[in-house]
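Next, two complexes with subunit A in common: one pairs it with subunit B, the other with subunit C.
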Partner chain A sequence: MTNLTTIPSAGATTAEPPAPAKETGRRVNPLGGVAHLALFLWALATVGPLIWVALASFKTNEEIFLDEPFGLPQSWAFKNFADAWSEAHIGQYFLNSVFVVLLSTAGTMLLGSMAAYVLARYRFPGNRFIYYLFVSGLAFPTFMALAPLFGIAQAMNLLDSFFGLIVIYIAYSLSFTVFFLVAFFRTLPHEIEEAATVDGAGHVRRFFQVMLPMAKSGLVSIAIFNIVGQWNQYLLPVVIMQSEDKYVLTQGIANISVSAGYQAEWGQLFAALTLSILPMIIVYAVFQRQIQAGLTSGAVK
Partner chain B sequence: MATVTYDKASRIYPGSERPAVNELNLEIGDVEFLVLVGPSGCGKSTSLRMLAGLEDVDRGRILINEKDVTHLPPKSRDIAMVFQNYALYPHMTVYENMAFALKLRKTPKSEIDRAVKEAAALLQLEEYLSRKPKALSGGQRQRVAMGRAIVRQPQVFLMDEPLSNLDAKLRVQTRSQIASLQAKLGVTTVYVTHDQVEAMTMGHRVAVMLDGVLQQVDTPRALYDTPGNVFVAGFMGSPAMNIKTVPLNETGAHFGALNIPLTREQVAAAREGGDGKVTVGFRPEAADVVGESADALPIVVDLVEDLGSDANVYGHADLPGGSERFVVRTERRNMPHMGETVYIRPQTTALHVFNAGSGIRI
Partner chain C sequence: MTRAARPSFCRAGGTPLLTVEEELKMHAVDSRPTPADTPQAPPPRHVSRVRNRSQRDSRVAWLLSLPTLLILIGMLGYPLYRMIVLSFQNMRLKELFSGATPPWAGVDQYTKALTDGVFWGVVGRTAAFTVVSVTLSVLAGLGIALLMRRVHAKVRIFMMIAMMFVWALPQLVAAQSFRWLTDSDFGVLNYVLTQLGFDYATHSWFVNPWEGWAVITTLVVWAGIPFLAISLSAGLTQVPKELLEAATVDGASAWQALRNITLPILKPLLMIVTTLSVIWNFGLFTQNWALRDGHPEPVYQTLATFSYTQAFGRSSYSYGSAISVITVLLMLGVMVFYIRQMFKIGEVD
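Here is the complex of A and B:
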């Protein structure tokens, strides 16, 4: 390299300029630093409000608005939490949310994985059609569906019932779940299924005992996605759940900010928000550890 | 304790004109180790999968022990299969992998335990029984796949290139292990490979396939000594046989100045549809390197492979039809150098003569 560049290129007609020296070795990408800075700022923008909410949940209205909105609370009293839990019925709504999300996520995962498996692995007329029917749900704005959904729910006696909300959550989540899992099931090796077939496993056993365990990492990812999505769902419960004792958490929190008349209890509101955020962080932390990339490693080759 | 019969079995993939397997007729005897061999895409794996029930049989029948299994699901055929990539269940331990099929058959627990332990002992897997496949080496995984087949005590073993993912040394070692295991267990085995060395060393009989058509079935020795057509002649043996299509005259085949004598019957048979030509082949070891002589073929050496025990000499000769490549095996002590001209004379007793038109042995 150095030789080439120092020798005068006698008679060389190629117009190629010598490569910039020392470019091939270890070099620091200036864009890398910018990217890290951008990521850092983004992380700050994400985490900052969360911390602020958590801090504000220990404060009184005066502290939040007048004294030191960004300072530490004067006392670490859990009064706001206690008030939110009992007076604002957040405890009840919390349990309602847990109940609904638990069942609807379970239902989504069961139905979604079964549908995705069949769509990904079996050839039959109409396979593509059904797949696109599921996927087209992704493109359909929820707002447009609200009015007809209300009508259908009313006609089917699903209004103001947990069962109704669970069914609607499942239907709402299946689009993306099927879309995601079909792609995932397609990546799993066929031979293992064939081995199970030769071993004498039928369709049902093959799915539940062989394919489903192999799809664990994909299932966990999409389960987290659904839990978070359904936990944070506000629009659908507002339409479906009307009596106050059946509110889910999001409705309950919104209720605090409007029900207090002149003066909303902001401390309580933030305490309720903190209570609603915590489970998601826990779910994420617990499940994340179980996503093991390369779960199928060792199966083939 | 089982025979396998392919009776004009064909497989035509949807959307394809040409059958992947075309009217395969094959009888596999009890306790026989039959190897299906051929280049990739020849239909050997498809044939095996048809027998396993993983692939439909579009025409013809497949019998196991004289019983028509053509339309039976895999589990009703009493077969066990070893896959090329082993296809172990990644979430189960070695023990569970081997026990899975027996569990599905509702075999009593004690019997499962006995069968798995027995197979594990046979394959030296005892200490790995509680491990998951990902914690095993390639060779161990291969043995687990074998073990999974053995515990079933099936009527027929099906093996689809089970050694192709192993490194060269382990492959040779496992090759002999599988062969002796099969002899010990006495289970009819159908073994698919693209490797003609595996086919020659393992099979009681070898079936050579090309483009979905069975070319020849015979013992390895017979395939090597009397290949039925040009394809089999070229496919079996390494380095490959020297096969040349040359002009035919009254007494033999013209290799330039060298005339290779043929019998009167051979000449007559070569004439039919041969368009005045004949295809002659001789194996690298069936030619002598001689001194300069008028009745030997002069060859310019391009490459010499020293194999330690002997040497392969690659070279070319200028024949009237153009330059042709030849390979001969020589003893190591009279190894020629590159660029040198050597004279070779094919042994007339070991010639393979084929009709130039049909490619069929004369």
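Here is the complex of A and C:
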């Protein structure tokens, strides 16, 4: 089986039209230079606004409005950060966000990968139907859901509860997760799973011990997409988390920016923003190897 | 290319359905010199066992997707149902406060939308914005992903971290930052342009709709590129180096290698991220909403903001719902196209 499937495909892809052999250097250096320049410009466009935010987080209101935007702050004190953390309760909201996102991402990945696995790998009546049902959730505008969602949460006693927010985060991440993972599981080779079947592994074992390890890099990437998405979620927590001590980070940030209008502590706002971005950077730094590891490396090649 | 070999496999019912005997049998068949015999049906005595197995598989499949199904039906399906019901009623402030059931309006809201020139203007604008912004961001994302393969690993990591910054920025915050950057009096953009010798001291970027949309598109593309570049560059690691090297040895140009090797391998992923971008950008809300300070002028309305304004700004909840339903249907149209492509790819694979 393996031979039959791999040999023709290898033949088909390597049979490139035999162009006349030109002498080209294997590593074209000028292109590398252009690449660096283009990436540098893009890096500037990416990082520019963020440096501005980071610098502003050290400045006073007057400095932010009147001085040069990219000028250095007069002092590098962490006052804004300390104020934001304790006075504006960003510390509390930060921990709330971490707690909710950890659990909801874990839940999303578990449920999403189970569903995506069977949808991608099993033929059963209703397969397509469920798939369409799942992914059509992607097209649903969140703001239209807010009013009915409030009603549901109230009826099920989920208002102001972390559990409720976690369930709702999971619900609103599953469509994306299933959509991505189904396509991903379909690209994984079948041979190893077959071998496991032959060796007598059951469904659960095949899923947890064969498929998940094979899919690791893809799962990590999608988990990170979900972490970022849920960390930045704003509309859903506004509906569910009503009492201030249960706010998540985005609510806290919005709170600073609206609370006092022109009296707002802009430095605190930017400090809070900087704080909110840091965990994402850390998550990425920790997992970048897996994200880069490729989507099907290892397994069967 | 693998069409000849796969179908026999698939007909046996996805992969996991092969019994040990069949597996052995298939290997035996494979080793025979005539592979054309492969797609034969298994001998009759296996049939009942296969059916039992497939029933059990079906149970397992439903069982594993059940939690997802329940959560989605409860938290997404029900609100969707309410939205659809609402779109066939006529709910105004009166019903909202009294809690009375709004009168049934049939397809009135839909006729109202479909015969309204303003609505079609919004549809056209949203579609045009989607095409332009998705094209720009996918091309740029792909370009950056390809460039990142060519640079040193350290530069790559730096780029990744920089992009994580942008990606990790909440949409609302990014939009607010852009509002500041393009502010006519205090904006950095006008400041920089003036420093460079152009007269942009108190230039307002939203008087001319083309300029305004250019700002909105820049924001959306800028914020959208990191997701595209990061997933595509993960996808690029799937392209076997040996293939590219072989092609170079055979004299293929960089362009030929890209067209004939890289892009076909990247295609499934490219399809996914493009479809997602279309869905996200078609639903544009936060960016034009925040940049226009919560009151987008008619020329800055997209389907999402239009629906929201009708529903909550003018208290025509039912009309807003009808517009949302139409928006969802339009997006589903795009997704059906994607899903058909995906099943085609899946069957060849």
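List of remarks:
The criterion applied here is as follows: the second predicted complex is superposed on the first by the 247 of 301 C-alpha atoms of A that agree within 3 Å, B and C clash if a C-alpha of one lies under 4 Å from a C-alpha of the other, contacts with A are read in each partner's own complex, and residues count from 1 in each chain.
Simple rule for what comes next: contacts are C-beta pairs under 8 Å (C-beta built on N, C-alpha and C of every residue); 3 or more make two chains touch, one makes a residue touch a chain.
Everything numeric here is computed off the predicted structure, so don't read it as measured data.
Between subunit B and subunit C, more residues of subunit A are touched by C. In the overlay built on the shared chain, the residue A:65 is in contact with subunit C alone; subunit B does not reach it.
Using the contact criterion defined above for the overlaid structures, shared-chain residue A:82 touches neither subunit B nor subunit C, since it reaches no partner. Look at A:197: by the touch rule set out above, it reaches both subunit B and subunit C. In the superposition on chain A, contact is made by A:210 with subunit B only, not with subunit C.
In the superposition on chain A, the residues of subunit A touched by subunit B in one structure and by subunit C in the other are 194, 197-198, 294-297, 301. Interface residues of subunit A, counted against subunit C in their complex, comprise 1, 3-5, 8-9, 12-14, 16, 18-22, 24, 26, 28, 31-32, 35-36, 38-39, 42-43, 45-47, 49-50, 52-53, 65, 69, 111-112, 114-115, 117-127, 130-141, 143-145, 147-149, 152, 167-168, 170-172, 174-176, 178-180, 183, 186-187, 190, 193-194, 197-198, 203, 206-207, 217, 221, 225, 228, 231-232, 234, 250, 253-254, 257, 273, 276-277, 280-281, 284-285, 288, 291-297, 301.
Of all residues in subunit C, only 1-2, 4-6, 9-10, 13-16, 18, 20, 23, 26-27, 30, 35, 38, 54, 57-58, 60-62, 64-65, 67-69, 71-72, 74-80, 82-83, 143-144, 147-148, 150-151, 155, 157-173, 176-178, 181, 186, 188, 191, 222, 225-227, 230-231, 233-235, 237-238, 240, 243, 245-248, 250-254, 256, 260-261, 268-269, 272, 276, 279, 283, 285, 304, 307-308, 311, 320-321, 324, 327-328, 331-332, 335, 339, 342, 345-346, 349 touch subunit A in the complex they form.
Of all residues in subunit B, only 52-54, 73-75, 79-81, 83-91, 100-101, 104-105, 132-136, 138, 141, 148, 152, 165 touch subunit A in the complex they form.
Contact residues on subunit A toward subunit B in their complex (touch as defined above): 189, 191-192, 194-201, 205, 210, 213-214, 216, 294-301.
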